[in-house]
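Below you'll find a set of structures to go through.
Both complexes shown next keep chain A, but they swap its partner, so chain B is in the first and chain C is in the second.
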Partner chain A sequence: MSQHADAIAARAPKGPPVRTQRLTLGRVFTHACLIFALLIFVFPFYWMVSSSLKPLEDIYIVPVPLWPPRPSFSNYLEIVGLIPSDEIDFRGGVSLVRTFLNSTLIAVINTAGNVFLASLAGYAFAKLRFKGRNALFLSMLATMMIPNSVGLVPNYLIMAWLKWINTWYPLIIPGLATPFAVFWMRQYMTTVPDEMIEAARIDGCGPFSTYLRVVAPVVLPGMAALAIFSFMGHWNAFMGPLIYLNKPELYTLPLFLAVLNSFISGRPTPLHLIFTASFVSILPILLVFLFAQRYFIAGLTAGSLK
Partner chain B sequence: MAVSSAPPAGQPAYRPANSRYYTWEKVAPYVFISPFFILFGIFGAFPLLFAVWISLQEWKSVRANEYVGFENYARLFTDSNFHIALSNTAILGILVVPLMVIFSLSLANVLNQPIRGRVIYRTAYFLPVVTSLVVVGLLFDFLLGSPYSPLGSVLEIFDIEFKGLLEQPVFIKPSILVMILWRWVGYNMMIMLAGLQSIPHELYEAARIDGANGLQAFIHITIPLMRRVIAFAAILSTIGMFNVFEEAYMLVGPGGGTDRAGLLMGLIIYSQAFRSFNFGYASALAYANAVIIIALSFLQILASERAASD
Partner chain C sequence: MATAVSQASSPIRRTRMSRTALFENVAGYLFISPWIIGFLAFEFGPLIAAGYLGLTRYDILTPPNFVGLANYDKMFTRDPLFWKSLWVTAIYSLSTVFLGVILGVALAVLLNQKVRGMSLYRTIYYLPAVVSGVAVAYMWIWVFTPEAGIVNYALSLIGITGPNWLFSTTWTLPAFVAMSLWAVGGGMVLYLAGLQGVPTQLYEAASLDGAGRWAAFWNVTLPMISPVIFFNFIIGIIGSFQVFTNSFVITNGGPANSTLFFVLYLYRHAFENFKMGYAAALGMILFIVIMTLTIISFRLSNRLVFYEGRVT
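So, the complex of A and B:
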C-alpha cells in the first residue's frame, strides 16, 4: 500500500504537468452544443412523463406549461383499471396490466428460447466439426440479406393454415431461434480457446456438458447482450401483433398503444392514457438500459463487429 | 461418463472407447443445430421461396388463388402508389443518410475526447434507440402534428402560428426525417464511437506535433480511417429507410397521410398485404424492395472500396 503510494509520489513530479480543464471559449461552445442536443433527445421523454401526470383537459392548455398545473397519478390508476374508464371500455376493455403481462410472457419465452437454442447452434457452428457446416452457415447468412418484408405474406399464410391466427404462436415460435442470434453467438463462441474445449473432453465431458459447463459460462456476456437485444425486440414488436391479433385479451403493449390511439367517432383521443401507457411500456427497457448499458450497446450495435 | 478401458490403437487417447458415446459425439452437432434449422426452415427459408410463388399468383382469399405469371411484376410499372412510395423512400433516404452520418460522426467525435460528463451525454443520446418505435411514432405524432404541442408554444414566442404540421403534405416528409434522425442518431453514434476508438492515438499526437489543428486532424486522419465505418453506417441507414414501418404507421397511417406524401415502401407492402389483401402483389412489391435494397448495398460497398483505393 505505502509502497504503491511512494511509487506514485516518486513518479508525479517527473511526468508532464496535469492539464486542468480550463474554461476556454471553444470548450464552452462544445458544451453548449452537447447540452442543446441533450435537450432535443431528452425533452420528448420529459414531456411524455409530465403529460402522464395531467388530466386530459390540461393536455390542451396553450401555451404548454412546463410542469403540470394539477399533477396527479389518476391516469396511472385509470390505465391499470383501478378507476373505471370509458375510454378503455370503448377500446376493447382490457387494462394495461393484462397487456403488460402478455408482452412480458411473450418476450420472456422468446428470449429464453433464443439464448439457449441459438447458443447451442452457435457452439456447433463455431467449435464442432461436421459435414455441411460451412454450407449450412453460409445459406443462413445469405438469407439474412433479404429483408423481413419478403416473408410477411408467406408467413401469414403458413400461420393461417396452422390455425394460429389470433394466438400467440406466430409471435413466439418463429422467434425461438433466429439467424441473427445464431450468427451473434457463433461469433462470440469463436473467441473461446480450443484448448479449453479439448481439456473438457479429456476430462470426460460429452458435447452437451462441454457446452453447458465450459463454454456457456465463458460466453455469458454474449448471451446477456443477446438476451437484452432479443427481449427488447419482442417487447417492442408491433407488426406481428398487428397482423395476427385482434382479440383485446391477447394484445401486447405496442398494439394496445396503437388501439388507444385509434380513431373512434364521437370519442376524444385519450391522450392522457396514451402518454401514461407509453411511459409505462418503455420503463422496463429504460431501467435495464440504465443499469446494463454495456450489454445493451454491445447487443444493439452488434452488426458493426468486423 | 466413466472412461473404463484404454482406447484402441489409432484413436486419440482422450476419446472414450464407449461406442455409444462415440456416436453421440458425431451426431451431437446436428442435434445442436436442428431446433434452429427446423424453425428457420419453416419460418425463415421456406417463406422466401414461397413468396416467389405467391408473387406469381392473384390471391382472392387465404386459400383461393390463380396463376397470373409476371402480371404482379408488370403492375409495378403502372402502379402510381408504388412510384410514389419508391420516390418518397428515395428522397427521404437521400436526406437521411448524409444527415445521419454527419450528426452521428460529429457527436461521436466530440464524445471521443475527454469531455466532462460524456457518459451522461452518451446515455442521453442513446435513449431514443431503446424506445419502442410505436412510442416514438406516438410522441412525434403529437409533438409535430398537434396544435397543443409544446413546439407550438415555442414558435409562438417568435410569432409563428402553429396548427400542427402533419395535415400539410409539404411538412410530412420533414417530419418523418426529424423523427428518424431523432430515433437513430444515437445508434449510429455508438457505431462511430467504436470505430473512432480503434484509431491509434499516436496518429493524432503526431499530427499535433506537426502543427495540425483539430479540424485538419479530423479531415486527414479521422475521415480516411473511418471510411469503412461510415460506409457501414450509411448502408445500415439506407436499408433501414426501405424497411421503415412502425413509426411511419403511427405518424401518417398506413396510407401515407395527406396526398400520400409519407407513403413509404414499408407502408405500401403492409397495406397491399393486409388492408387490400392483394397477397400476390404485396409479395411482388416485397421482392422489388429486396432487390433495390441489395443493389443499393452493393453499390455503396463498391463506392466505398473505390474511394478507399484512390
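So, the complex of A and C:
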C-alpha cells in the first residue's frame, strides 16, 4: 500500500528553484497542520490523565497548569477502595472494581460467542452450498441498514417476557451473530481458496472440521479485527445496561460512571474521582487498541474497501 | 454486491452424490441458524411488533389498547417536541456527516504526502474514535466548562471570550458537533487507505494533461475515493441519527430542549413516561426517516460515486 504513496510523493515536481521553495513552504504548512491536529486529538486525553492525578482543589486552578502541581495516585487508590474515603459511599456492593469485572465478563463472553458464531455463519455463506443461500445473504445485507433503536421498545418487552430484566442476557444474546459480524467474516471467508476446502473434504473432513482445521486458521486476522470491534462495542455500551439493569451489583462500568454522582456524598462534586474512574474505564480500550492496532487498521480498511 | 455473491457462489464442484449435498444443506442451515434466530427474535420480530405497538396505547401494566393512527396524529399535529427533536437530530446529523467527510479527507490527504512518522500520526488521530460513552461524555463536560475549560482558555489566548457552551441554547449543538468531529480519525483511516490505493498512472496522466495539484485532487483523487466517502456517509447518517449517550449524560436534552435528540425523546417516552405505544411509533418514524435518507443517498450515489471496474 505504501508503495503507492511513495510513488506519488516521488513524482513531486523537480524543477526550477521557485517550485522547490514553494514545496518546502507546503511541507512546513503540512507539518503545522498535522501537529495542530495532533494536539487537538491528544489534549483531552492528557487532561483527563492529569486531572486524575490532582486533588480536588487543584482541578479548579485557572489557567490549567500543564503538569499537576502535586501529582499523586491517591485518587486511584481511593476509587478502588484501597484507602478509606469519606466521599464515596458504595451502596449495594457497587464499586469500580466490581463493575469493571462485570463489564469485562460481559464483553469477553459476547466477543468470544460473536466471533465463533459469526465466523461459522460467514463460512456457510461463503463456502457451503445450500438452498436459498444467496437470497438469505442478500436479505441479511438489507437488514444491516435497520437502525437498532427502532426495536428498542419491542426488544424491551421481549426481554421482560423472557424474564431477562436484571440479567445480563439482554446485553449478551442479541449481540451474537449480528448481521455485520456475519457479513464481515463472510468477506474474509471468500478469500480462502476453494482448493483448500476441497482437499480437506477429500481427506474426509466434514463441514465443521473443515471450518475448524482449515478455514478458521486462515481467517484469523479477520476474526481478530472483529473481536476488537465487538469488545469495544460492548465495553462502551450504555443504553442496554441503562434499560435492562437496575440492581447495582449487576451494573456495567459505564452505568457505574453515569450514577457515580449519586454514590458520592461529598460536596462539591468530586471531579477528581470522576476523572479517575473515567480514565480507568477507557484504559482497557486504549491498551487493546495500541497492542492490536495492526490487525485493527488492516482489518478495518480491508472491510470497507471490499 | 450482487456480483460479489455470484462470483463466490461458484466454488466446490459437485462431485459426490446427493447425500453429500443434503448433508451440506443441513450444515449450511445449522451454521447460519444463530443469525436467523437472532434476526427473527431481536430484529425482524421487534420491527413488526413496533409497527403494531405504534397503533396502540400501552403503559405495560394494562394490555395494549388499539387506537389506530392516534399516536401519529398526535405526533404530527400536537407534539412540538417531536418536531423539535427531529429538527435537532437532523441538523446535528447533517453537520457531523458533512464536516466529518471534509475534515477526514483533508487529514487523510495531509497524511498521504509521505510525511515522516505517518503511522504514529495515524494511530494518534485514530485514538479518539475507539473511545466513547460515558467516560468521554464526562471529559467533554469539563472541556467545555466556561471558566476552567480548555476550549474557552484556548479562545482567551486569541482574545475571544468563549460562550457558556453547555448552557446556551445557541452553542450546545455546535459543541456536540465538535465532540463528534473529535472522532473524525475513524473515517480518516479509511480515506487514507483509499488514497493509497489510487493508481499512480492516473496522476501521471493528469499531469500530462496539464492538471495542477488542485485539478488532480478534484478530477482524480476525489472520484477514486468516492466509494469510501459514500460508505462513510451512509454509516454516518445511520449512526448520527441514533446518538444518545452524550445528550443523556451531558445535557439531558437541555437547555430548553436544544439537545433533545430523537432517541433521547424516544427513551423518555418509553422508560420515563411508560408510553410504550407512542415510543414504538417514534421508533417507526426513525426507521422511515433513516430508510428514506439511505435510499436517497443510494439514488444520488449513482450519479456522484465513481465505481471503477476493479477487483479488490
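Operating definition for what follows: the second predicted complex is superposed on the first by the 261 of 306 C-alpha atoms of A that agree within 3 Å, B and C clash if a C-alpha of one lies under 4 Å from a C-alpha of the other, contacts with A are read in each partner's own complex, and residues count from 1 in each chain.
Convention: a contact is a pair of C-beta atoms (placed from the backbone, for glycine too) under 8 Å apart; a residue touches a chain by one contact, two chains touch by 3 or more.
Predicted model only: the values in this text are computed from it and were never measured.
Once the complexes are laid over each other on chain A, chain B and chain C cannot both fit and instead clash. Shared-chain residue A:Pro69: touches no atom of chain B or chain C. Of the two partner chains, chain B and chain C are each touched by A:Trp47. When the shared chain is aligned, chain C comes close enough to touch A:Thr190, but chain B does not. Shared-chain residue A:Pro217: touches no atom of chain B or chain C.
When the shared chain is aligned, chain C comes close enough to touch A:Asn134, but chain B does not.
In the superposed pair of complexes, A:Gly204 makes contact with chain B only, with no contact to chain C. Overlaid on A, the two complexes show chain B and chain C touching the same residues of chain A, namely 30-31, 33-34, 37-38, 40-45, 47-48, 59-64, 117-118, 120-121, 123-125, 128-130, 133, 136, 140, 143, 145-158, 160, 173-174, 176-179, 182, 198, 201, 206-208, 211, 232, 236, 238-239, 242-243, 254, 257-258, 271, 274, 278, 281-282, 285-286, 289-290, 293, 297, 300-301, 304.
Per the touch definition, chain C reaches chain A in the complex via residues 1-2, 4-9, 11-14, 21, 23-25, 27-29, 31-32, 34-36, 38-39, 41-47, 49-50, 53, 60, 107, 110-115, 121-128, 130-136, 138-140, 142-143, 147-148, 150, 153, 182, 185, 189-190, 192-200, 203-204, 207, 228, 231, 234, 238, 241-242, 244-245, 248-249, 263, 266-267, 270-271, 276, 279-280, 283-284, 286-287, 290-291, 294, 312. Note for the complex: chain A touches chain B at residues 21, 30-31, 33-34, 37-38, 40-45, 47-48, 59-64, 117-118, 120-121, 123-125, 128-130, 133, 136, 139-140, 143, 145-158, 160, 173-174, 176-179, 182, 198, 201-202, 204-208, 211, 232, 235-236, 238-239, 242-243, 253-254, 257-258, 261, 271, 274, 278, 281-282, 285-286, 289-290, 293, 296-297, 300-301, 303-304.
Residues 1-2, 4-9, 11, 30-31, 33-34, 37-38, 40-45, 47-48, 51, 59-64, 117-118, 120-121, 123-131, 133-134, 136-138, 140-141, 143, 145-158, 160, 173-174, 176-179, 182, 190, 194, 197-198, 201, 206-208, 211, 232, 236-239, 242-243, 254-255, 257-258, 271, 274-275, 277-279, 281-282, 285-286, 289-290, 293, 297, 300-301, 304-306 of chain A are the ones that touch chain C when the two sit in their complex. Across the complex, chain A is touched by residues 1-3, 14-16, 21, 24-26, 28-30, 32-33, 35-37, 39-40, 42-48, 50-51, 54, 62, 107, 110-111, 115-116, 120-121, 123-135, 138-143, 147-150, 152-153, 156, 182, 186-187, 190-191, 194-195, 229, 232, 236, 239, 242-243, 245-246, 249-250, 266, 269-270, 273-274, 279, 282-283, 286-287, 289-290, 293-294, 297 of chain B.
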